[in-house]
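After this come two complexes, each holding subunit A, first together with subunit B and then together with subunit C.
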Partner chain A sequence: MKLTKTLLATTALTVAAGMVSADGHMASEMTIVSWGGAYSNSQQQAYHNPYMEKTGVNIINDESSAEAVAKLRAMNEAGNVTWDVVDVVAADAIRLCDEGLAMEIDPDEHLAPAPDGTSAEDDFGDLIVSDCFIPQIVYSTTVGYRTDMVGDTAPTSICALFDTDAYPGKRALEKRPINNMEWALLCDGVAKEEVYDVLETDEGQQQALDKLATIKDDVIWWSAGADTPQLLADGEIVMGSTYNGRLFSVIEEQNQPVGMLWDAQVFDLDGWIIPAGLSDERKARALDYIYFATDTQRLADQSKYISYGPARASSAPLVGQHAELGIDMAPHMPTDPNNAKNTFLYNYEFWADYRDDIDAKFQAWLAQ
Partner chain B sequence: MTDTAEHSGPMMAADGTPLKTSLNRALRRQKLRALMLIAPLLIFVLVTFIAPIADMLFRSIENQIVSDTLPRTTAELADWDGDSGELPGPAIFESLYKDIFIAQERKLHTRLGSRLNYELTGVSSLFRKSGRRVDDMGEVYQDQFEDLNSFWKKGENWNALLGSDSWMTAQSSWNEDSGSAQPAFEIRAELSALLPETAATYAIFADFVQNEDEDNLLSEDPWAIVYSALYEDLSAGADVSGYSGPGATELQEAAALAADFEVVDFTAAFEDIDEDWHNIEVWQTIQTYSPEFTSGYFLNAVDMKKGLDGAEMRPENEQLYIKLFIRTFIMSMAITCSCILLGYPVAWILANLPARTANLLMILVLLPFWTSLLVRTSAWKVMLQQQGVINDTLVWLGVVADDSRLALINNQTGTIIAMTHILLPFMILPLYSVMKTIPPTYLRAAKSLGATNWTAFWRVYFPQSVPGIGAGSILVFILAIGYYITPELVGGTTGTFISNRIAYHISSSLNWGLAAALGAILLAVVLGLYWAYDRIVGIDNVKLGG
Partner chain C sequence: MAALTPISRTPVSFYVPVVAAGGAIAGMFVGTAQGSTLLGILGGALIMATAAFLLTQVIKAEKPGRWGLLVLCAVAGFAVGGLPAGIIGAAFGWFFGWFSFWLYEGRYRAYLAPYLTPGQVLWHFSFRVICGAILVFLITPIIVVMPLSFNAQDFFTFTPEMLRFDPAGYSLKHYEDFFTNSDWQGALANSVKIAPAATLLSVSFGTLAAIGLSQPHVPFRRAIMAILISPMIVPLIISAAGMYFFYSRIGLQGTYVGVVLAHAALGIPFVIITVTATLVGFDNSLTRAAANMGANPVTTFFRVQMPLILPGVISGGLFAFITSFDEVVVVLFVGSAGQKTLPWQMFTGLREQISPTILAVATILVIISIALLTVVEMLRRRSERLRGMSPG
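Presenting the complex of A and B:
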């Protein structure tokens, strides 16, 4: 019977320990979820450290943004949301808002106005693509190429991706339809304004897949953001799509023989959401953090560490130099006028509707 | 034994109870104690493993969201003939208005939109857009009532009219700051009979305010749908002349004048929001997915869909899953076979070497086992890519030309190589522990009786090592079938498994129903194979160790 008692005691202890840790969200702690790597580091420097210094709140980093939507849904169903602020791309923010998993934000009430008094809503402008979304940065998906493998004429157009005669070799594209379908249509002669109208139709989708089929044998399909930079650095591919910040780091920080195309870069947004169903105390703290971390100066500070453009109009003039390399960051921003001559804005509404359908066709096409 | 011969009665224990009862009791106590000993583990497994899996698999048929969010619409749609090619009648559009109005207050309409978008592209934005604009639709009635008499503007008047007297008393004396629960709204029985639709709609509103928003009902003005419900009751000829409670004059005034009200054409109003509401496919989809349980996810998981006349195959360019299932099984078998081929000699060497050397070699086998899976997979990328170590070596040796380097990664070869390496220890360890138990004297005996090396191995040694192969194969095969990180990273397009799609639907598309259906099929097939293995080889022949 002594054994039984020991067992019972152990079980009780385990249960108690579990309750303590579930309850352990102490007043001075918050969990912020982001992408990890250089991006989290830029947030740590620009937002977390000053905030912790100012308030004494301890910020715990969780690098789960890639699975944030699924995990938040699971947490919500379990009735135990352990995250306070979550960094997600805009498309995920729309999903979370649709699913009722993120809290709605009133920009003018919850966010700081610009220094000149412009309201937050006007300062962020069109970038507030969902009621739950607080924009943070503008990034773009664009193409990098090996300067030593493209011969004498470096590519200047996105259609170099499809030009295997001029630029033989492997290309890396993301293993999903978004961006690839648009580029394919664009290079198949569809006007920029009409791309999404064409992509709405079955024939248009087939047209895009047919165009992609012309280079299918030359494509390595990536699913992790680090793939293309690695493949470029190893000379495994001649060109490939990835995020502009990754290319910046390959070119400027690692000095690889890589160049980048800004042509037909696809703008996308990344920002914060606050999960729905937080206790009043945690919600107040999350809102306080958001108010602090998305003001004009803070957003401009982040661009010292990573080449993503601040989402506020009023932050752009404040963008300075890289914290370590000392180079001007403005020319490396996707939003810089020189880079943004021909751009695409990710069409959130379109992809929210067509993502499931086109993805099914795209994956079936890939598997053929 | 002699006792039984002498006494024909039951055998007794020392304390006088029949021995059988006493024995049973002792056994039961023993069983109970054994059960209690394993209880922590059993409960742990049940709570953290079995229950979540069952819950997840259940999602593959679950579909309550449609009828929960659109209760009125789905009930009325049951009688609508989807094949007729005609739009549902105005009554259904009016129900849709009420359902979407309530759903958007509860913020459920977008969730339903994403659910139905899996079946019909475009529904997601249709519901999002309708939720935003449905607010304005009923305001026509609200404005008319309010213009008629400012009585209808105030929530307190509505409460006095529709709430029962006892509830009004309780609610008025309720102190919001006291922390006690708000008295639950009760409808005035008389009006519930006279104005059924209004009463029902107001009850929903009151329930929402009191229990979901947790606001004081006295200070809230009713939703627009309450006004349209009142209009509906009055225009249907509700006789309110006999009513004499609070607000009787205003109600009777409204009843007299309601006939002249401007009428909202919900059918047209919905078309105004989005012409897709007049697309018959949208209605067919809602009707098809009205039942609480659906086979839709399972059909989707085998490349089929629900058509108008039952299940049908999806178009060729959307068929994916059957191909992936077959590929997953073939490649898992290939991986299992290559593990046997590579693992068998290693295990044999390990089992036949002196203990000290064997232990050293065993560490070499286990070392990769202890290394992170991602690290090993990434290492294979560096090894296998066209500018990688293996290709560089081959080019240097002159085996392959520089311009025709081998494609060893981002295809099936890559997946098989990387996964064989990762799963090899799971084959070697059971093989080794079985071979350890085969006495070396048997081989020597066979040879001394004249067998050749091959015969001695094949006829004497190999049959005894089969249980190890069985155990290793089951382990490797089942692990391989569920792998997704390695195929995702090195598999390219031809080397990915069904588990990659399951992971995609869990974490990206959020189509958990489909993911559950795919998972359920995978589980069923694995259990089926296990059963077949048991029938053919016999599970008793599987040995994990001595």
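Presenting the complex of A and C:
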């Protein structure tokens, strides 16, 4: 039968074609892992496109940052690391560094100095929280609210989250203890400086959970960054926590009736790591990319596309206007002095020590 | 269908409460939407009971009465919630007008056998209502996606403009995004490359395996069959993790060949099962007859056996294709970003950026699936008709 022969021939050809294109890594390709969505887009515009233009390297985007730690462990075990540069939050970078899955970086050797000659180490300053971590942006987790659902007095304090009398309705909180425990203690009368001291003790952890229990029935727990913006746009919740860049997008780009708080915003860092165990050729390329993508101008460029603060001190004055909307981006940065009046720095050491313990308690409490 | 049973009018004490119950259910939805479920149930029951009584006992003329109720409900709906509510109101008015007379005149009894007890009549209609409810339950999630994909906003939300049927609330921009965005087009291209290749491999190997395993003299048939079918039974995540480590060692992880082979392994069980099922009805004396007339085994296979088992091969191939086309877990492990398929892109899209483009893609995929199934079903019927197996 003619048809069958054609089918068989096509099968053979397809398999053969597949074999030929099974190239693995050619010298002119690199895989960069990030978070996807608007964030990846900002990196594409600010870093990938100019780098591809300059060097001719083909960059493949993988949107797997959410499971970067697990995947890097698996790759390491399988002896087949396919990623060249990975975008992770600082806490993940610390874990990867401790496990030897990320390469150590010498800032002054591998990163560009500031235009005025300041060394990279000084330019990034305290934000280099791990030997393997190359900071990229400062973002914050904060609270957005529906302007049409909060009545005449819009919330100004983080404690509005716990005030179901003044602001009735559902709230969205992240399904993990980090940030929620700190906010609960702050609103339960603990002074900001003492939050982590209190949280070290069993009583303190219980105090935070008890405070959260007062609103437990009104909470929708989210796990993906896109959840809270969606719930806000739906009018499903009156307020909810999410990343400040997501709220910027909802408010300025999507024109939803949403406002945001900067009170007690929790700063966190996001940046690059280079996986350990790359071949020399790929390592050289990854380092070359990092040197290019984290210089003062590139970091400032990224803020044209998303409202996250560049991690270099020298980039701050270069922050310009939104690429499409043409509005000034500086007032939307979490690091802007007006927004950073009352901030909270995520305590990496504390959470590195206590995370497993408090996670277990939190999950048990959730299940009650 | 001719009437089976002579019908007679039913007493008020029967049909008014039944219409009231229907009104209560409709009222429950309206009331919940307006904020008070209880008030909706009571109001719905009361209004519809009154309407049924007035229609049948006071107005009596069926046609004007039913039209009147339809218009009245439409106007009431329009007054409450504009055009969409008006349409829903008209639907309610049409239904309850028909329902009242259907019960009052006893028409529901006409096409049922005369010997049925009232309980059996009740079950006859309950059964249909339950089946309808199950259908609605299964199909609603798919239907809801479609209008949302025309949303003018970037959220999964029915905006007030959409609910008013305002054209400004609708747009094709998510479809445009799908057809112009390089991420989505790359994913589509990968899916279109991988799925047919995996299907061809599954169909070839699956058919051969099914034919081999249907020979009675093959040793360990059951054990071999169980192993070949295992990808269907073992949890996908376990196959995926196993494939990841195995393929990494032999250099297939992150290649097209790797993904195609992995998907072929997932598709083979479907082909084996459907082909084995058609082989049960296959008469082996036909192959012996062919051999007797001088045909070699290959010719026998293509000229005699293949045409007869073709329906099984095609439906197995269809399942294999859909398995590969819809698969997300294995490709996340075995593939790398270069082999990103449509489901992968949808998966990351849902997690990182809830964008209605995903819904636009889903709508397109649903339409493709329906078209594919329709074509296969039509081909099947045509071949049956040609072979005289069915009168249709």
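Note that in this section the second predicted complex is superposed on the first by the 345 of 368 C-alpha atoms of A that agree within 3 Å, B and C clash if a C-alpha of one lies under 4 Å from a C-alpha of the other, contacts with A are read in each partner's own complex, and residues count from 1 in each chain.
One rule holds for everything that comes next: a residue touches a chain if its C-beta (ideal position, glycine included) is under 8 Å from a C-beta of that chain, and two chains touch if they have at least 3 such contacts.
The shown structure was predicted, so the numbers you read here are calculated from the model rather than taken from an experiment.
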| request: In the overlay, answer first, second, both or neither for which of subunit B and subunit C A:A66 touches. | output: both
| query | Thinking of the overlay built on chain A, is A:W365 touched by subunit B (first), by subunit C (second), by both, or by neither? | reply | first
| said: Going by the contact rule set out at the top, does A:D98 touch subunit B (first), subunit C (second), both, or neither? | reply: first
| Touching A:A224 in the superposition: subunit B (first), subunit C (second), both, neither? | both
| field | Which of subunit B and subunit C A:D356 touches, first, second, both or neither | value | first
| said: I'd like to know which partner A:G36 touches here: subunit B for first, subunit C for second, both or neither. | reply: second
| task | Identify the partner contact of A:D234: answer first if only subunit B is touched, second if only subunit C is, both if each is, neither if none is. | result | both
| request: Name the residues of subunit A shared by its contacts with subunit B and its contacts with subunit C. | output: 4, 7, 10-11, 66, 224, 230, 234
| field | Residues of subunit C touching subunit A in the complex | value | 153-157, 183, 196-197, 200-201, 203-204, 241, 244-245, 248-249, 251-258, 260, 302-303, 306-307, 336-338, 340, 348-354
| message | Taking the touch rule as given, give the residues of subunit B at its contact with subunit A in the complex, in rising order. | response | 33, 36-37, 39-40, 107-108, 110-111, 113-114, 117-118, 121-125, 128, 317-320, 323-324, 381-382, 385-388, 410, 488-489, 492-494, 496, 501, 506-511
| task | Would you tell me which residues of subunit A are touching subunit C in their complex? | result | 1, 4, 7-8, 10-11, 14-15, 18-19, 21-24, 31, 33, 35-40, 60-64, 66, 74-75, 77-80, 82, 224-227, 229-230, 233-234, 254, 256
| Tell me, which parts of subunit A touch subunit B in their complex? | 3-4, 7, 10-11, 66-67, 69-70, 73, 95, 97-100, 170, 175, 206, 220-221, 223-224, 230-231, 234-236, 349, 352-357, 359-361, 363-367
